[in-house]
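You will see chain A twice below: alongside chain B first, and alongside chain C after that.
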Partner chain A sequence: MPDTAKPIPNSLVVLREEFDDWAILFDSATGNAFGLNPVGVFVWKCLDGNRTIKEIVNELRENCEGVPEEAEGHLREFIQDLVEQGLAGYETQKD
Partner chain B sequence: MPEDNKNHKYHLNQLYFYLTEGCNLRCRHCWIMPKYQADGHTYPLLHLDLFRSIIEQAKSLGLSGVKLTGGEPLLHPQIHEILELIRVEDLRLTVETNGVLCTLDLAQKIAACKNTFVSVSLDGADAETHEWVRGVPGCFKAALEGIRNLVEAGFRPQVIMALMRRNKGQVEAVVRLAERLGAGSVKFNIVQPTARGERMHESGETLTIEELAELGRWIETTLSASTTLRIVYDHPLAFRPLGKMFGDSGDGCELCGIVGILGVLANGSYALCGIGEIVPDLVFGHAQKDRLKDVWFKTPVLLEVREGLPHRLEGICNNCLMKGLCLGSCIAQNYYSGKKIWAPFWYCEEAYNQGLFPETRIRPNI
Partner chain C sequence: MRPKRINAAVNLMNTPRSVDLAITNQCNLRCTYCSHFTSAGDVGQDLPTEEWLRFFEELNRCAVMDAILQGAEPFCREDLKQLIQGIVRNRMRFNILSNGTLITDEMASFLASTYRCDGVQISIDGSTPKIHDACRGKGNFVRAMKGIKILRRHGLPVSVRVTIHKHNLKDLEDIARLLLEEVGLPSFSTNSASFMGLCRYNAEEVQLSPEDRFLAMETLLRLHRKYNSRINAEAGPLAEAETWLEMEKARQERRERMPGRGCLTGCGGPMSKLAVRADGVIVPCIQMSHIELGRINRDDLHEVWENHPELKRLRERRNIPLSDFEFCKGCDYIPYCTGNCPALAYTILGEENHPSPDACLRKFLEEGGRLPDENAK
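This part shows the complex of A and B:
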């Protein structure tokens, strides 16, 4: 995926936030549920179709302490997992 | 009985051996209800030859570990030979014991086995409370001695406390006692409404769902933060914080491996698990006349469980977001309570009916 791609959530997926900042992603199309840790929740909320992965990493660095150097790679893997699970995708560019 | 090829993907990972029909204690909450075996009385025991034959058959089905439980596994007169066989076969070993009979010699024999995990029941921080639960004078001191022997043999055993009205005030004291003894973890169990536990529920000696939920929150947050011991509060996954299961310091899901286990009762019968001692419907044959392979691959109840979990679960379990992990919490308990495999877990169903089931864990209406 090019660096300019901006991930968006699947509109059929519901985020259920819990008291300890963890959350469950529920895919109403499949009935599957996935746990997200607080960083995952932060990232999920950034998937609004307006931010590239690099921009999301920058948001993370501004809002969280101790973000490691390799965060961008981890984030790419995480978002790729979301895409493969059908929980997120990328906005299609119109010509 | 039909044999389905796709069914062969299910490995028999672990056998639960309920080695003795008798027990040296008389626990008032026991879900199996073994007969009390004091001096001079004996009750059926799993014969060593049968144990050996079952292990031999099970290895080709994928067996990697065994659990020894009871009754009381250390009451078996050939426990040394059984442990030696497990060691020679290089099987992972789990032992659930009341600790009373755990001599240093036996603890060292257990330690010689591979990846062994031992849990010892301790239902109070003093003799009066523990023995009120366990029904036999002197068993508190003996259990502590058993734990010390395990520690001397190199274990950090798990202490298991069953929660009830009588001992709920001793939760923290049991953790401190476990620390002093050298235990590695403390697990708090909820008394299930099965067999003697059912009588405790009926007589109001157990805690309400509301009390258990509140106690669970305190144990999983405040108490667990005050100790280096791993603390497990064994309520259903829907009630457990995700961070407690999956975080960096998480302790896993403690899942029941129902699709990969089989019970062997003291009389040589195969069963879903120990529930077979009190529910004949869940006994699937006998090791003296039935091939284990046939039992594992052809028993209708086992096939149904494998095919139906988790999507056939009913009640709140069907609408729970954790069902793919939780698998109905305990199918044996559900069958006992609801008279069918797919009945919901009593705790979750009651919690839901009382408005106590966590909202975020219920399937949203979209």
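This part shows the complex of A and C:
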């Protein structure tokens, strides 16, 4: 994906925030559910179609403690996982 | 890494994960052991379509995942398709609990087309019309079996619930053969006629005696093994057999306790579920419809879930030791017992925060009951 790509959640997916800031992503179309840790929840909430991955990493650095140097690579992998599971996609790019 | 602000840890979900919805008070049958009619859930009225649809939007905002549609009989509602469309629109999946007699090809086709139906549970109580219809009314075995056939033809997940009572006690082997071999279901579940609703007035005719319960436990354990665990139960004789044998073994081994036992821990429902009666009143469970927590579209569901004192009382029952109860005094099984279902404790004693006498192993044995041999062929 180009650096300008902006991830966006699948609108059929429900974020169920549970206790201790953990959450479940529930895909109502398939019935599948995926656990998210608090950082995953933070990232999910940033997938609004207005932020690039780099911008989300910046948000992470501002709002989370102990963000490692390689965070951007981890985030790209995480978002790629979400895309492959059908939980997220990318906002259509305008030419 | 972790976010800088973490919410205070509260060991409770933010909102219920699933909801039981009694979408109608109507039913085309009057089964003699029905838990609905004459109970507090028998409210004599249904909500208009719009009220349910508005509530589904709140369920969406609360990120509720599953709706279990029940009644009385859900297929009696003429607007059922509209309601289901509302559920789908609001990102939930659904199950339906039904007597199976009103299912049409057109309805099954619709259910399948939603791709959100996790299952339709049909009640089958016998392997023949005579046995099934003894409590459910003439002609309903044929109708229910036809309903199952239609649902399966459309590729819908069908489950069957067998309620065990005096009329089908000796038919369990044939029921298992019918459902697992002839119909080819992957599994079915069992319970037994409980002292709720109409069953309270027909208890002598339908409820199992201690000797009946022994026979049912023995037969179901044998069938459970024969069919490689394709028969399951969360209540009734099979569940009791498994639990009671485990408790007796723990007693004989003089184990100090079993994890999660010794207090009123028998029901985890209020930690993950809520229910709504056909008149829109929010209750903790359909079987505890007498505890009114609020009304849909008037009271905030999240607020009810987190703060209603009655829900807190039910959640805290797990901290009440069984040794506090006069009923349990001197019982060797206390460290291994959960007190079982609060709804049944209520219908028998008028008190939810009490062990259910119906599930008491000591009482069962004192009344002449026997435990089956775990290894009997």
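Methods note: the second predicted complex is superposed on the first by the 93 of 95 C-alpha atoms of A that agree within 3 Å, B and C clash if a C-alpha of one lies under 4 Å from a C-alpha of the other, contacts with A are read in each partner's own complex, and residues count from 1 in each chain.
Going forward, a contact is a pair of C-beta atoms (placed from the backbone, for glycine too) under 8 Å apart; a residue touches a chain by one contact, two chains touch by 3 or more.
Quick caveat, the model's predicted, so the values are computed rather than measured.
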First (chain B), second (chain C), both or neither touched by A:Asn32: first
Most chain A residues touched (candidates chain B, chain C): C
First, second, both or neither for A:Val83, with chain B first and chain C second: neither
Which superposed partner A:Trp22 touches (first chain B, second chain C, both, neither): first
Touched partner set for A:Ala71, first chain B, second chain C, both or neither: second
Touched partner set for A:Leu60, first chain B, second chain C, both or neither: second
First, second, both or neither for A:Ile8, with chain B first and chain C second: neither
Residues on chain A lying within both footprints (that of chain B and that of chain C): 12, 14, 16-20, 24, 26, 28, 31, 33
Residue ranges of chain A touching chain C (in the complex, touch as defined): 12-21, 24, 26, 28-29, 31, 33, 38-39, 42, 60, 63-68, 71
List of chain A residues in touch with chain B within their complex: 12, 14, 16-20, 22-24, 26, 28, 31-33, 35-37
Complex contacts: residues of chain C adjacent to chain A: 1-4, 6-7, 9-15, 17, 60, 63, 65, 88, 91-93, 115-116, 118
Touch list for chain B against partner chain A, complex: 241-243, 245-247, 321-322, 324, 358, 360-361, 363-364, 366
